[in-house]
Amino acid sequence: MTPAALFPLIDILGTLVFGLSGGMVAVRRDLDLFGVLVLAAATGTAGGITRDLLLGQTPPEALQAMTPLALAALGGLAAFLFAPRIERFTRPVMLLDALGLGLFAVAGCQKALAAGLAPPGAVLLGTLTAIGGGMLRDIMAAEIPRVLREEVYALAALAGAAAYAAGRAIALPETPLATGAVALAVALRIASVRFGWRLPHARR
Amino acid sequence: MTPAALFPLIDILGTLVFGLSGGMVAVRRDLDLFGVLVLAAATGTAGGITRDLLLGQTPPEALQAMTPLALAALGGLAAFLFAPRIERFTRPVMLLDALGLGLFAVAGCQKALAAGLAPPGAVLLGTLTAIGGGMLRDIMAAEIPRVLREEVYALAALAGAAAYAAGRAIALPETPLATGAVALAVALRIASVRFGWRLPHARR
Amino acid sequence: MTPAALFPLIDILGTLVFGLSGGMVAVRRDLDLFGVLVLAAATGTAGGITRDLLLGQTPPEALQAMTPLALAALGGLAAFLFAPRIERFTRPVMLLDALGLGLFAVAGCQKALAAGLAPPGAVLLGTLTAIGGGMLRDIMAAEIPRVLREEVYALAALAGAAAYAAGRAIALPETPLATGAVALAVALRIASVRFGWRLPHARR
(Lines give C-alpha, C1' and ligand atoms only; values in the text may rest on other atoms or scores of the structure.)
Protein backbone atom coordinates (compact mmCIF):
# COMPACT_ATOMS: atom_id res chain seq x y z
CA MET A 1 0.00 0.00 0.00
CA THR A 2 1.49 3.36 -1.03
CA PRO A 3 1.45 6.35 1.35
CA ALA A 4 -1.00 8.17 -0.95
CA ALA A 5 -3.44 5.26 -0.63
CA LEU A 6 -2.96 5.24 3.15
CA PHE A 7 -3.95 8.91 3.57
CA PRO A 8 -7.74 8.69 3.09
CA LEU A 9 -7.75 5.65 5.37
CA ILE A 10 -6.00 7.60 8.15
CA ASP A 11 -8.40 10.48 7.53
CA ILE A 12 -11.35 8.14 8.03
CA LEU A 13 -9.80 6.63 11.15
CA GLY A 14 -8.95 10.09 12.50
CA THR A 15 -12.46 11.50 12.11
CA LEU A 16 -13.92 8.30 13.54
CA VAL A 17 -11.67 8.37 16.60
CA PHE A 18 -12.22 12.09 17.22
CA GLY A 19 -15.95 11.33 17.11
CA LEU A 20 -15.33 8.45 19.50
CA SER A 21 -13.51 10.72 21.95
CA GLY A 22 -16.39 13.21 21.86
CA GLY A 23 -18.85 10.39 22.40
CA MET A 24 -16.89 9.04 25.39
CA VAL A 25 -16.94 12.45 27.08
CA ALA A 26 -20.69 12.70 26.40
CA VAL A 27 -21.38 9.24 27.84
CA ARG A 28 -19.33 10.06 30.95
CA ARG A 29 -21.52 13.18 31.34
CA ASP A 30 -24.65 10.99 31.01
CA LEU A 31 -26.02 12.76 27.91
CA ASP A 32 -28.79 10.98 25.99
CA LEU A 33 -28.29 9.27 22.61
CA PHE A 34 -28.85 12.42 20.59
CA GLY A 35 -26.57 14.50 22.82
CA VAL A 36 -23.86 11.88 22.39
CA LEU A 37 -24.19 12.01 18.59
CA VAL A 38 -24.14 15.83 18.56
CA LEU A 39 -21.03 16.07 20.73
CA ALA A 40 -19.32 13.37 18.64
CA ALA A 41 -20.18 15.14 15.38
CA ALA A 42 -18.99 18.49 16.75
CA THR A 43 -15.70 16.99 17.98
CA GLY A 44 -15.01 15.27 14.67
CA THR A 45 -15.77 18.23 12.42
CA ALA A 46 -15.19 21.47 14.37
CA GLY A 47 -11.48 21.66 13.54
CA GLY A 48 -12.12 21.48 9.81
CA ILE A 49 -15.04 23.91 10.01
CA THR A 50 -12.91 26.47 11.87
CA ARG A 51 -10.16 26.05 9.28
CA ASP A 52 -12.57 26.62 6.38
CA LEU A 53 -14.14 29.67 8.10
CA LEU A 54 -10.73 31.26 8.72
CA LEU A 55 -9.74 30.66 5.08
CA GLY A 56 -13.03 32.14 3.89
CA GLN A 57 -14.00 28.90 2.18
CA THR A 58 -17.71 28.80 2.87
CA PRO A 59 -19.86 26.80 3.24
CA PRO A 60 -17.33 24.54 5.01
CA GLU A 61 -16.53 21.12 3.57
CA ALA A 62 -18.24 19.39 6.52
CA LEU A 63 -21.60 20.91 5.51
CA GLN A 64 -21.18 19.93 1.87
CA ALA A 65 -19.85 16.37 2.00
CA MET A 66 -21.63 14.27 4.59
CA THR A 67 -18.83 11.69 5.05
CA PRO A 68 -16.91 13.41 7.88
CA LEU A 69 -20.08 14.08 9.83
CA ALA A 70 -21.37 10.55 9.35
CA LEU A 71 -18.01 9.10 10.41
CA ALA A 72 -17.85 11.26 13.53
CA ALA A 73 -21.43 10.31 14.46
CA LEU A 74 -20.53 6.66 13.91
CA GLY A 75 -17.72 7.10 16.43
CA GLY A 76 -20.27 8.59 18.82
CA LEU A 77 -22.62 5.65 18.30
CA ALA A 78 -19.78 3.25 19.10
CA ALA A 79 -19.12 5.19 22.32
CA PHE A 80 -22.84 5.05 23.18
CA LEU A 81 -23.07 1.29 22.63
CA PHE A 82 -19.70 0.10 23.91
CA ALA A 83 -18.40 2.75 26.32
CA PRO A 84 -17.46 0.33 29.16
CA ARG A 85 -15.61 -1.96 26.77
CA ILE A 86 -13.84 0.94 24.99
CA GLU A 87 -12.57 2.28 28.32
CA ARG A 88 -10.39 -0.82 28.53
CA PHE A 89 -8.71 -0.11 25.19
CA THR A 90 -7.09 3.23 25.99
CA ARG A 91 -3.95 2.34 24.10
CA PRO A 92 -5.45 1.72 20.62
CA VAL A 93 -7.71 4.77 21.03
CA MET A 94 -4.71 6.91 21.96
CA LEU A 95 -2.81 5.61 18.90
CA LEU A 96 -5.68 6.42 16.53
CA ASP A 97 -6.11 9.81 18.17
CA ALA A 98 -2.39 10.53 17.62
CA LEU A 99 -2.76 9.50 13.95
CA GLY A 100 -5.76 11.80 13.54
CA LEU A 101 -3.91 14.64 15.25
CA GLY A 102 -0.90 14.37 12.93
CA LEU A 103 -2.92 13.98 9.78
CA PHE A 104 -5.29 16.87 10.52
CA ALA A 105 -2.34 19.14 11.37
CA VAL A 106 -0.51 18.42 8.10
CA ALA A 107 -3.65 18.44 5.92
CA GLY A 108 -4.78 21.72 7.51
CA CYS A 109 -1.39 23.32 6.88
CA GLN A 110 -1.43 22.03 3.28
CA LYS A 111 -4.89 23.53 2.64
CA ALA A 112 -3.85 26.87 4.17
CA LEU A 113 -0.70 27.09 2.01
CA ALA A 114 -2.80 26.24 -1.07
CA ALA A 115 -5.10 29.14 -0.11
CA GLY A 116 -2.12 31.50 -0.21
CA LEU A 117 -1.42 31.89 3.51
CA ALA A 118 2.23 32.52 4.50
CA PRO A 119 3.98 29.60 6.29
CA PRO A 120 3.64 30.87 9.92
CA GLY A 121 -0.11 31.43 9.54
CA ALA A 122 -0.48 28.10 7.74
CA VAL A 123 1.30 26.27 10.57
CA LEU A 124 -1.06 27.88 13.09
CA LEU A 125 -4.09 26.98 11.04
CA GLY A 126 -2.91 23.38 10.75
CA THR A 127 -2.48 23.20 14.52
CA LEU A 128 -5.93 24.71 15.03
CA THR A 129 -7.48 22.18 12.63
CA ALA A 130 -5.95 19.37 14.64
CA ILE A 131 -6.91 20.60 18.11
CA GLY A 132 -10.12 22.57 17.41
CA GLY A 133 -12.50 19.63 17.69
CA GLY A 134 -11.15 18.54 21.05
CA MET A 135 -11.26 22.12 22.35
CA LEU A 136 -14.94 22.50 21.44
CA ARG A 137 -15.68 19.10 22.98
CA ASP A 138 -14.23 20.15 26.33
CA ILE A 139 -15.73 23.66 26.26
CA MET A 140 -19.17 22.10 25.62
CA ALA A 141 -18.57 19.73 28.52
CA ALA A 142 -17.75 22.80 30.70
CA GLU A 143 -14.16 21.62 31.24
CA ILE A 144 -10.81 23.30 30.66
CA PRO A 145 -9.77 22.04 27.20
CA ARG A 146 -7.55 19.00 27.62
CA VAL A 147 -5.17 20.30 24.92
CA LEU A 148 -4.26 23.14 27.27
CA ARG A 149 -3.48 20.75 30.11
CA GLU A 150 -2.21 17.65 28.38
CA GLU A 151 1.55 17.66 27.85
CA VAL A 152 2.82 17.67 24.26
CA TYR A 153 -0.52 17.45 22.46
CA ALA A 154 -0.93 20.77 20.65
CA LEU A 155 2.86 20.93 20.51
CA ALA A 156 3.02 17.64 18.56
CA ALA A 157 0.48 19.00 16.05
CA LEU A 158 2.47 22.23 15.75
CA ALA A 159 5.71 20.30 15.14
CA GLY A 160 4.11 18.25 12.36
CA ALA A 161 2.64 21.28 10.63
CA ALA A 162 5.91 23.24 10.99
CA ALA A 163 7.97 20.37 9.56
CA TYR A 164 5.64 20.18 6.59
CA ALA A 165 5.78 23.95 5.95
CA ALA A 166 9.58 23.94 6.29
CA GLY A 167 9.91 21.05 3.85
CA ARG A 168 7.71 22.84 1.34
CA ALA A 169 9.87 25.96 1.63
CA ILE A 170 12.92 23.93 0.47
CA ALA A 171 10.81 22.16 -2.17
CA LEU A 172 10.94 18.60 -0.81
CA PRO A 173 8.78 16.14 -2.78
CA GLU A 174 5.16 16.19 -1.56
CA THR A 175 4.31 12.61 -0.64
CA PRO A 176 7.37 11.67 1.46
CA LEU A 177 7.32 15.13 3.07
CA ALA A 178 3.68 14.89 4.14
CA THR A 179 4.18 11.32 5.33
CA GLY A 180 7.26 12.29 7.33
CA ALA A 181 5.55 15.31 8.89
CA VAL A 182 2.55 13.23 9.96
CA ALA A 183 4.93 10.58 11.34
CA LEU A 184 6.83 13.24 13.32
CA ALA A 185 3.67 14.54 14.99
CA VAL A 186 2.42 11.02 15.74
CA ALA A 187 5.81 9.92 17.11
CA LEU A 188 6.10 13.00 19.36
CA ARG A 189 2.62 12.47 20.74
CA ILE A 190 3.08 8.75 21.37
CA ALA A 191 6.56 9.19 22.85
CA SER A 192 5.31 11.91 25.21
CA VAL A 193 2.60 9.58 26.54
CA ARG A 194 4.93 6.55 26.63
CA PHE A 195 7.76 8.31 28.45
CA GLY A 196 5.64 10.75 30.43
CA TRP A 197 7.31 13.86 28.98
CA ARG A 198 6.26 16.99 30.80
CA LEU A 199 6.69 20.63 29.88
CA PRO A 200 7.67 23.02 32.66
CA HIS A 201 4.99 24.65 34.83
CA ALA A 202 5.29 28.12 36.31
CA ARG A 203 6.24 28.56 39.94
CA ARG A 204 3.43 30.23 41.88
CA MET B 1 -54.52 36.11 9.55
CA THR B 2 -52.65 34.15 6.85
CA PRO B 3 -49.63 31.97 7.72
CA ALA B 4 -47.36 34.39 5.80
CA ALA B 5 -48.52 37.24 8.03
CA LEU B 6 -47.98 35.10 11.12
CA PHE B 7 -44.33 34.36 10.32
CA PRO B 8 -42.73 37.70 11.16
CA LEU B 9 -44.78 37.74 14.35
CA ILE B 10 -43.43 34.35 15.42
CA ASP B 11 -39.95 35.51 14.45
CA ILE B 12 -40.32 38.51 16.76
CA LEU B 13 -41.70 36.35 19.56
CA GLY B 14 -38.92 33.79 19.05
CA THR B 15 -36.08 36.30 19.26
CA LEU B 16 -37.73 37.96 22.23
CA VAL B 17 -38.13 34.71 24.13
CA PHE B 18 -34.62 33.52 23.33
CA GLY B 19 -33.41 36.86 24.72
CA LEU B 20 -35.63 36.28 27.74
CA SER B 21 -34.10 32.84 28.34
CA GLY B 22 -30.58 34.33 28.16
CA GLY B 23 -31.62 37.08 30.55
CA MET B 24 -33.08 34.60 33.04
CA VAL B 25 -29.82 32.61 33.13
CA ALA B 26 -27.89 35.87 33.61
CA VAL B 27 -30.15 37.01 36.47
CA ARG B 28 -29.80 33.61 38.15
CA ARG B 29 -26.01 34.08 37.91
CA ASP B 30 -26.37 37.54 39.49
CA LEU B 31 -24.87 39.46 36.54
CA ASP B 32 -25.38 43.23 36.51
CA LEU B 33 -27.80 45.02 34.15
CA PHE B 34 -25.31 45.28 31.30
CA GLY B 35 -24.22 41.65 31.67
CA VAL B 36 -27.88 40.62 31.50
CA LEU B 37 -28.42 42.60 28.29
CA VAL B 38 -25.23 41.20 26.69
CA LEU B 39 -26.13 37.58 27.49
CA ALA B 40 -29.69 38.16 26.25
CA ALA B 41 -28.49 39.73 23.00
CA ALA B 42 -25.97 36.90 22.45
CA THR B 43 -28.61 34.23 23.08
CA GLY B 44 -31.11 35.84 20.72
CA THR B 45 -28.74 36.43 17.80
CA ALA B 46 -25.88 33.87 17.98
CA GLY B 47 -27.75 31.19 16.04
CA GLY B 48 -28.39 33.51 13.10
CA ILE B 49 -24.85 34.90 13.20
CA THR B 50 -23.37 31.38 13.09
CA ARG B 51 -25.66 30.52 10.18
CA ASP B 52 -24.60 33.61 8.21
CA LEU B 53 -20.89 33.00 8.92
CA LEU B 54 -21.12 29.37 7.75
CA LEU B 55 -22.90 30.47 4.56
CA GLY B 56 -20.26 33.17 3.95
CA GLN B 57 -22.90 35.91 4.11
CA THR B 58 -20.97 38.65 5.92
CA PRO B 59 -21.49 40.92 7.72
CA PRO B 60 -24.26 38.85 9.37
CA GLU B 61 -27.85 40.12 9.28
CA ALA B 62 -27.82 40.75 13.06
CA LEU B 63 -25.08 43.37 12.62
CA GLN B 64 -26.91 45.11 9.76
CA ALA B 65 -30.52 45.25 10.92
CA MET B 66 -30.85 46.23 14.54
CA THR B 67 -34.30 44.69 15.11
CA PRO B 68 -33.20 41.19 16.25
CA LEU B 69 -30.62 42.61 18.64
CA ALA B 70 -33.06 45.15 20.08
CA LEU B 71 -35.71 42.45 20.53
CA ALA B 72 -33.30 40.10 22.27
CA ALA B 73 -32.10 42.91 24.57
CA LEU B 74 -35.75 43.74 25.31
CA GLY B 75 -36.23 40.14 26.40
CA GLY B 76 -33.18 40.54 28.65
CA LEU B 77 -34.60 43.74 30.13
CA ALA B 78 -37.86 41.95 30.91
CA ALA B 79 -35.87 39.22 32.69
CA PHE B 80 -33.94 41.86 34.64
CA LEU B 81 -37.09 43.66 35.77
CA PHE B 82 -39.50 40.78 36.29
CA ALA B 83 -37.41 37.64 36.88
CA PRO B 84 -39.30 36.43 40.00
CA ARG B 85 -42.66 36.88 38.29
CA ILE B 86 -41.49 35.24 35.04
CA GLU B 87 -40.29 32.16 36.95
CA ARG B 88 -43.94 31.44 37.72
CA PHE B 89 -44.92 31.39 34.02
CA THR B 90 -42.73 28.50 32.86
CA ARG B 91 -45.45 27.16 30.62
CA PRO B 92 -45.97 30.21 28.33
CA VAL B 93 -42.20 30.74 28.15
CA MET B 94 -41.71 27.11 27.14
CA LEU B 95 -44.40 27.48 24.46
CA LEU B 96 -42.80 30.60 22.98
CA ASP B 97 -39.38 28.96 23.14
CA ALA B 98 -40.74 25.96 21.22
CA LEU B 99 -42.22 28.32 18.60
CA GLY B 100 -38.87 30.11 18.25
CA LEU B 101 -37.05 26.80 17.98
CA GLY B 102 -39.27 25.54 15.16
CA LEU B 103 -39.27 28.78 13.23
CA PHE B 104 -35.51 29.29 13.42
CA ALA B 105 -34.88 25.69 12.33
CA VAL B 106 -37.10 25.99 9.24
CA ALA B 107 -36.00 29.54 8.36
CA GLY B 108 -32.31 28.53 8.72
CA CYS B 109 -32.82 25.51 6.47
CA GLN B 110 -34.65 27.68 3.92
CA LYS B 111 -31.82 30.22 3.84
CA ALA B 112 -29.19 27.48 3.48
CA LEU B 113 -31.05 25.86 0.56
CA ALA B 114 -31.37 29.28 -1.09
CA ALA B 115 -27.59 29.66 -0.73
CA GLY B 116 -27.12 26.44 -2.69
CA LEU B 117 -26.33 24.00 0.12
CA ALA B 118 -27.41 20.37 -0.43
CA PRO B 119 -30.34 19.17 1.75
CA PRO B 120 -28.33 17.30 4.45
CA GLY B 121 -26.07 20.32 5.08
CA ALA B 122 -29.08 22.65 5.00
CA VAL B 123 -30.89 20.56 7.62
CA LEU B 124 -27.81 20.72 9.86
CA LEU B 125 -27.50 24.45 9.41
CA GLY B 126 -31.17 24.92 10.25
CA THR B 127 -30.73 22.89 13.43
CA LEU B 128 -27.62 24.90 14.34
CA THR B 129 -29.50 28.18 13.78
CA ALA B 130 -32.19 27.02 16.19
CA ILE B 131 -29.92 25.74 18.94
CA GLY B 132 -26.82 27.97 18.54
CA GLY B 133 -28.04 30.80 20.73
CA GLY B 134 -28.91 28.55 23.64
CA MET B 135 -25.57 26.77 23.34
CA LEU B 136 -23.59 30.02 23.55
CA ARG B 137 -25.77 31.12 26.50
CA ASP B 138 -24.88 28.02 28.49
CA ILE B 139 -21.20 28.00 27.47
CA MET B 140 -20.91 31.64 28.63
CA ALA B 141 -22.59 30.66 31.89
CA ALA B 142 -19.97 27.88 32.26
CA GLU B 143 -22.62 25.15 32.08
CA ILE B 144 -23.02 22.10 29.87
CA PRO B 145 -25.33 23.31 27.07
CA ARG B 146 -28.90 22.42 27.97
CA VAL B 147 -29.58 21.27 24.36
CA LEU B 148 -27.14 18.43 24.97
CA ARG B 149 -28.92 17.35 28.13
CA GLU B 150 -32.55 18.22 27.49
CA GLU B 151 -34.51 15.44 25.87
CA VAL B 152 -35.94 16.06 22.38
CA TYR B 153 -34.82 19.69 21.97
CA ALA B 154 -32.21 19.67 19.19
CA LEU B 155 -34.01 16.61 17.83
CA ALA B 156 -37.26 18.57 17.43
CA ALA B 157 -35.39 21.29 15.51
CA LEU B 158 -33.73 18.66 13.34
CA ALA B 159 -37.09 17.03 12.59
CA GLY B 160 -38.63 20.35 11.52
CA ALA B 161 -35.72 21.23 9.25
CA ALA B 162 -35.62 17.73 7.76
CA ALA B 163 -39.37 17.75 7.07
CA TYR B 164 -39.01 21.08 5.29
CA ALA B 165 -36.06 19.90 3.18
CA ALA B 166 -37.88 16.68 2.30
CA GLY B 167 -41.00 18.59 1.28
CA ARG B 168 -38.95 20.89 -0.95
CA ALA B 169 -37.34 17.87 -2.62
CA ILE B 170 -40.80 16.67 -3.73
CA ALA B 171 -41.83 20.24 -4.63
CA LEU B 172 -44.57 20.79 -2.05
CA PRO B 173 -45.98 24.34 -2.08
CA GLU B 174 -43.88 26.68 0.06
CA THR B 175 -46.28 28.24 2.58
CA PRO B 176 -48.13 25.14 3.79
CA LEU B 177 -44.85 23.20 3.80
CA ALA B 178 -43.01 25.73 5.96
CA THR B 179 -46.00 26.06 8.29
CA GLY B 180 -46.29 22.29 8.64
CA ALA B 181 -42.57 21.86 9.28
CA VAL B 182 -42.58 24.53 12.00
CA ALA B 183 -45.69 22.94 13.51
CA LEU B 184 -43.99 19.52 13.54
CA ALA B 185 -40.96 20.83 15.44
CA VAL B 186 -43.13 22.76 17.89
CA ALA B 187 -45.44 19.80 18.47
CA LEU B 188 -42.54 17.40 19.04
CA ARG B 189 -40.93 19.76 21.54
CA ILE B 190 -44.15 20.43 23.46
CA ALA B 191 -45.21 16.77 23.46
CA SER B 192 -41.80 15.71 24.76
CA VAL B 193 -42.10 18.12 27.71
CA ARG B 194 -45.79 17.28 28.29
CA PHE B 195 -45.34 13.50 28.23
CA GLY B 196 -41.81 13.41 29.63
CA TRP B 197 -40.33 11.63 26.58
CA ARG B 198 -36.79 10.50 27.17
CA LEU B 199 -34.15 9.28 24.76
CA PRO B 200 -32.04 6.31 25.86
CA HIS B 201 -28.88 6.89 27.90
CA ALA B 202 -25.78 4.70 27.66
CA ARG B 203 -25.12 2.08 30.30
CA ARG B 204 -21.91 2.87 32.14
CA MET C 1 4.81 62.74 20.20
CA THR C 2 1.65 63.16 18.10
CA PRO C 3 -1.48 61.07 18.79
CA ALA C 4 -1.02 59.29 15.45
CA ALA C 5 2.45 58.18 16.52
CA LEU C 6 1.09 57.04 19.88
CA PHE C 7 -1.51 54.71 18.37
CA PRO C 8 0.70 51.83 17.21
CA LEU C 9 2.47 52.00 20.58
CA ILE C 10 -0.83 51.62 22.46
CA ASP C 11 -1.80 48.83 20.07
CA ILE C 12 1.42 47.00 20.94
CA LEU C 13 0.90 47.56 24.66
CA GLY C 14 -2.75 46.48 24.40
CA THR C 15 -1.99 43.19 22.66
CA LEU C 16 0.87 42.55 25.06
CA VAL C 17 -1.24 43.16 28.13
CA PHE C 18 -4.17 41.11 26.83
CA GLY C 19 -1.65 38.28 26.28
CA LEU C 20 -0.39 38.88 29.81
CA SER C 21 -3.89 38.59 31.24
CA GLY C 22 -4.44 35.31 29.38
CA GLY C 23 -1.09 34.04 30.63
CA MET C 24 -1.93 34.97 34.24
CA VAL C 25 -5.19 32.99 34.11
CA ALA C 26 -3.31 30.03 32.59
CA VAL C 27 -0.62 30.12 35.29
CA ARG C 28 -3.29 30.27 38.01
CA ARG C 29 -4.83 27.14 36.41
CA ASP C 30 -1.40 25.46 36.46
CA LEU C 31 -1.18 24.93 32.70
CA ASP C 32 2.24 24.02 31.30
CA LEU C 33 4.44 26.42 29.31
CA PHE C 34 2.80 25.66 25.98
CA GLY C 35 -0.71 25.89 27.42
CA VAL C 36 0.19 29.30 28.84
CA LEU C 37 1.45 30.52 25.46
CA VAL C 38 -1.65 29.19 23.66
CA LEU C 39 -4.08 30.84 26.09
CA ALA C 40 -2.10 34.10 25.93
CA ALA C 41 -2.07 34.07 22.11
CA ALA C 42 -5.80 33.30 21.99
CA THR C 43 -6.63 36.10 24.45
CA GLY C 44 -4.53 38.66 22.56
CA THR C 45 -5.84 37.86 19.09
CA ALA C 46 -9.36 36.40 19.38
CA GLY C 47 -11.11 39.79 19.40
CA GLY C 48 -9.48 40.82 16.11
CA ILE C 49 -10.05 37.41 14.53
CA THR C 50 -13.76 37.52 15.40
CA ARG C 51 -13.98 41.04 13.97
CA ASP C 52 -12.34 39.99 10.69
CA LEU C 53 -14.54 36.88 10.41
CA LEU C 54 -17.73 38.90 10.94
CA LEU C 55 -16.61 41.44 8.31
CA GLY C 56 -15.78 38.62 5.88
CA GLN C 57 -12.15 39.69 5.71
CA THR C 58 -10.42 36.32 5.53
CA PRO C 59 -7.86 35.09 6.32
CA PRO C 60 -7.86 37.30 9.44
CA GLU C 61 -5.03 39.76 9.98
CA ALA C 62 -3.71 37.77 12.93
CA LEU C 63 -2.97 34.81 10.64
CA GLN C 64 -1.21 36.99 8.04
CA ALA C 65 0.96 39.34 10.11
CA MET C 66 2.72 37.55 12.93
CA THR C 67 3.27 40.64 15.12
CA PRO C 68 0.03 40.49 17.17
CA LEU C 69 0.46 36.79 17.85
CA ALA C 70 4.11 37.18 18.81
CA LEU C 71 3.27 40.09 21.12
CA ALA C 72 0.47 38.17 22.82
CA ALA C 73 2.72 35.14 23.29
CA LEU C 74 5.41 37.43 24.72
CA GLY C 75 2.86 38.62 27.28
CA GLY C 76 2.16 34.96 28.09
CA LEU C 77 5.89 34.26 28.51
CA ALA C 78 6.16 37.19 30.92
CA ALA C 79 3.27 35.72 32.93
CA PHE C 80 4.94 32.31 32.93
CA LEU C 81 8.28 33.69 34.17
CA PHE C 82 7.17 36.43 36.55
CA ALA C 83 3.61 35.57 37.67
CA PRO C 84 4.21 36.07 41.41
CA ARG C 85 5.87 39.44 40.83
CA ILE C 86 3.21 40.60 38.34
CA GLU C 87 0.45 39.81 40.85
CA ARG C 88 1.82 42.67 42.95
CA PHE C 89 1.45 45.20 40.13
CA THR C 90 -2.30 45.05 39.62
CA ARG C 91 -2.55 48.78 39.09
CA PRO C 92 -0.22 49.16 36.06
CA VAL C 93 -1.68 46.00 34.51
CA MET C 94 -5.19 47.38 34.95
CA LEU C 95 -4.12 50.67 33.33
CA LEU C 96 -2.61 48.93 30.29
CA ASP C 97 -5.67 46.69 30.04
CA ALA C 98 -7.92 49.76 30.04
CA LEU C 99 -5.77 51.32 27.29
CA GLY C 100 -5.99 48.14 25.22
CA LEU C 101 -9.76 47.97 25.77
CA GLY C 102 -10.31 51.55 24.56
CA LEU C 103 -8.02 51.28 21.58
CA PHE C 104 -9.41 47.95 20.37
CA ALA C 105 -12.98 49.25 20.69
CA VAL C 106 -12.30 52.37 18.60
CA ALA C 107 -10.06 50.63 16.06
CA GLY C 108 -12.65 47.84 15.63
CA CYS C 109 -15.43 50.37 15.10
CA GLN C 110 -13.26 52.26 12.59
CA LYS C 111 -12.55 49.08 10.61
CA ALA C 112 -16.23 48.12 10.60
CA LEU C 113 -17.31 51.57 9.32
CA ALA C 114 -14.63 51.38 6.61
CA ALA C 115 -16.10 48.00 5.60
CA GLY C 116 -19.47 49.69 5.07
CA LEU C 117 -21.30 48.62 8.22
CA ALA C 118 -23.93 51.06 9.59
CA PRO C 119 -23.02 52.84 12.86
CA PRO C 120 -25.00 50.61 15.29
CA GLY C 121 -23.46 47.43 13.90
CA ALA C 122 -20.01 49.05 13.82
CA VAL C 123 -20.31 50.05 17.50
CA LEU C 124 -21.21 46.47 18.38
CA LEU C 125 -18.33 45.06 16.37
CA GLY C 126 -15.92 47.48 18.08
CA THR C 127 -17.16 46.37 21.47
CA LEU C 128 -16.83 42.72 20.47
CA THR C 129 -13.26 43.32 19.24
CA ALA C 130 -12.36 44.81 22.62
CA ILE C 131 -13.97 42.12 24.79
CA GLY C 132 -13.74 39.01 22.57
CA GLY C 133 -10.26 37.96 23.67
CA GLY C 134 -11.10 38.11 27.36
CA MET C 135 -14.32 36.21 26.79
CA LEU C 136 -12.54 33.34 25.01
CA ARG C 137 -9.89 33.33 27.78
CA ASP C 138 -12.51 32.80 30.46
CA ILE C 139 -14.56 30.30 28.45
CA MET C 140 -11.41 28.23 27.85
CA ALA C 141 -10.68 28.41 31.58
CA ALA C 142 -14.25 27.11 32.21
CA GLU C 143 -15.26 30.32 34.01
CA ILE C 144 -18.11 32.77 33.47
CA PRO C 145 -16.54 35.52 31.30
CA ARG C 146 -15.31 38.31 33.56
CA VAL C 147 -16.72 40.94 31.16
CA LEU C 148 -20.19 39.70 32.06
CA ARG C 149 -19.55 40.07 35.77
CA GLU C 150 -17.12 42.96 36.01
CA GLU C 151 -18.84 46.34 36.38
CA VAL C 152 -18.35 48.89 33.57
CA TYR C 153 -15.96 46.88 31.41
CA ALA C 154 -17.87 46.06 28.21
CA LEU C 155 -19.85 49.23 28.85
CA ALA C 156 -16.66 51.36 28.73
CA ALA C 157 -15.72 49.75 25.39
CA LEU C 158 -19.24 50.37 24.07
CA ALA C 159 -19.10 54.03 25.14
CA GLY C 160 -15.78 54.59 23.36
CA ALA C 161 -16.97 52.95 20.14
CA ALA C 162 -20.30 54.82 20.27
CA ALA C 163 -18.58 58.18 20.83
CA TYR C 164 -16.34 57.52 17.85
CA ALA C 165 -19.26 56.53 15.58
CA ALA C 166 -21.27 59.58 16.71
CA GLY C 167 -18.33 61.90 16.03
CA ARG C 168 -17.91 60.43 12.55
CA ALA C 169 -21.60 61.00 11.85
CA ILE C 170 -21.17 64.75 12.46
CA ALA C 171 -17.83 64.74 10.55
CA LEU C 172 -15.47 65.55 13.40
CA PRO C 173 -11.78 65.45 12.36
CA GLU C 174 -10.38 61.90 12.59
CA THR C 175 -7.33 62.11 14.86
CA PRO C 176 -8.76 64.15 17.75
CA LEU C 177 -12.01 62.20 17.53
CA ALA C 178 -10.31 58.81 17.77
CA THR C 179 -8.05 60.02 20.56
CA GLY C 180 -10.99 61.42 22.50
CA ALA C 181 -13.06 58.27 22.04
CA VAL C 182 -10.21 56.07 23.29
CA ALA C 183 -9.69 58.47 26.22
CA LEU C 184 -13.39 58.28 27.10
CA ALA C 185 -13.37 54.48 27.24
CA VAL C 186 -10.13 54.41 29.24
CA ALA C 187 -11.35 57.08 31.68
CA LEU C 188 -14.69 55.30 32.24
CA ARG C 189 -12.97 52.01 32.92
CA ILE C 190 -10.37 53.49 35.29
CA ALA C 191 -12.93 55.64 37.10
CA SER C 192 -15.24 52.66 37.60
CA VAL C 193 -12.42 50.68 39.23
CA ARG C 194 -11.16 53.69 41.22
CA PHE C 195 -14.58 54.72 42.57
CA GLY C 196 -16.09 51.24 42.72
CA TRP C 197 -18.99 52.09 40.37
CA ARG C 198 -21.58 49.37 40.24
CA LEU C 199 -24.42 48.78 37.84
CA PRO C 200 -27.72 47.61 39.32
CA HIS C 201 -28.38 43.90 39.85
CA ALA C 202 -31.80 42.29 39.56
CA ARG C 203 -33.79 41.49 42.69
CA ARG C 204 -34.35 37.78 42.98
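For reference, chains read A, B and C in written order, and residue numbers begin at 1 within each chain.
Here is the rule we use: a residue touches a chain if its C-beta (ideal position, glycine included) is under 8 Å from a C-beta of that chain, and two chains touch if they have at least 3 such contacts.
No experiment lies behind these values; they were computed from the predicted model shown.
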In graph terms, nodes being chains and edges touches, is this line, ring, star, complete or other?
complete
Do chain A and chain C, two copies of one chain sequence, contact each other through the same residue numbers, with over half in common, or through different ones?
different
After a C-alpha superposition of chain B on chain C, what does the rotation angle come to, in degrees rounded to the nearest 5?
120
What is the distance, in whole Å, between the centres of chain A and chain C, each centre taken as the mean of its C-alpha atoms?
30
Please output the residue numbers of chain B that touch at least 2 other chains, ranges allowed.
53, 56, 139, 142
If you look only at chain B, which of its residues touch chain A in the complex?
53-56, 112, 115, 117-118, 120-121, 124-125, 135, 139, 142-145, 147-149, 151-152, 154-155, 198-204
Spell out the residues on chain C that touch chain A in their complex, using ranges where they run on.
26-36, 38-39, 49, 53, 56, 58-60, 63-64, 66, 69, 79-81, 83-84, 139-142
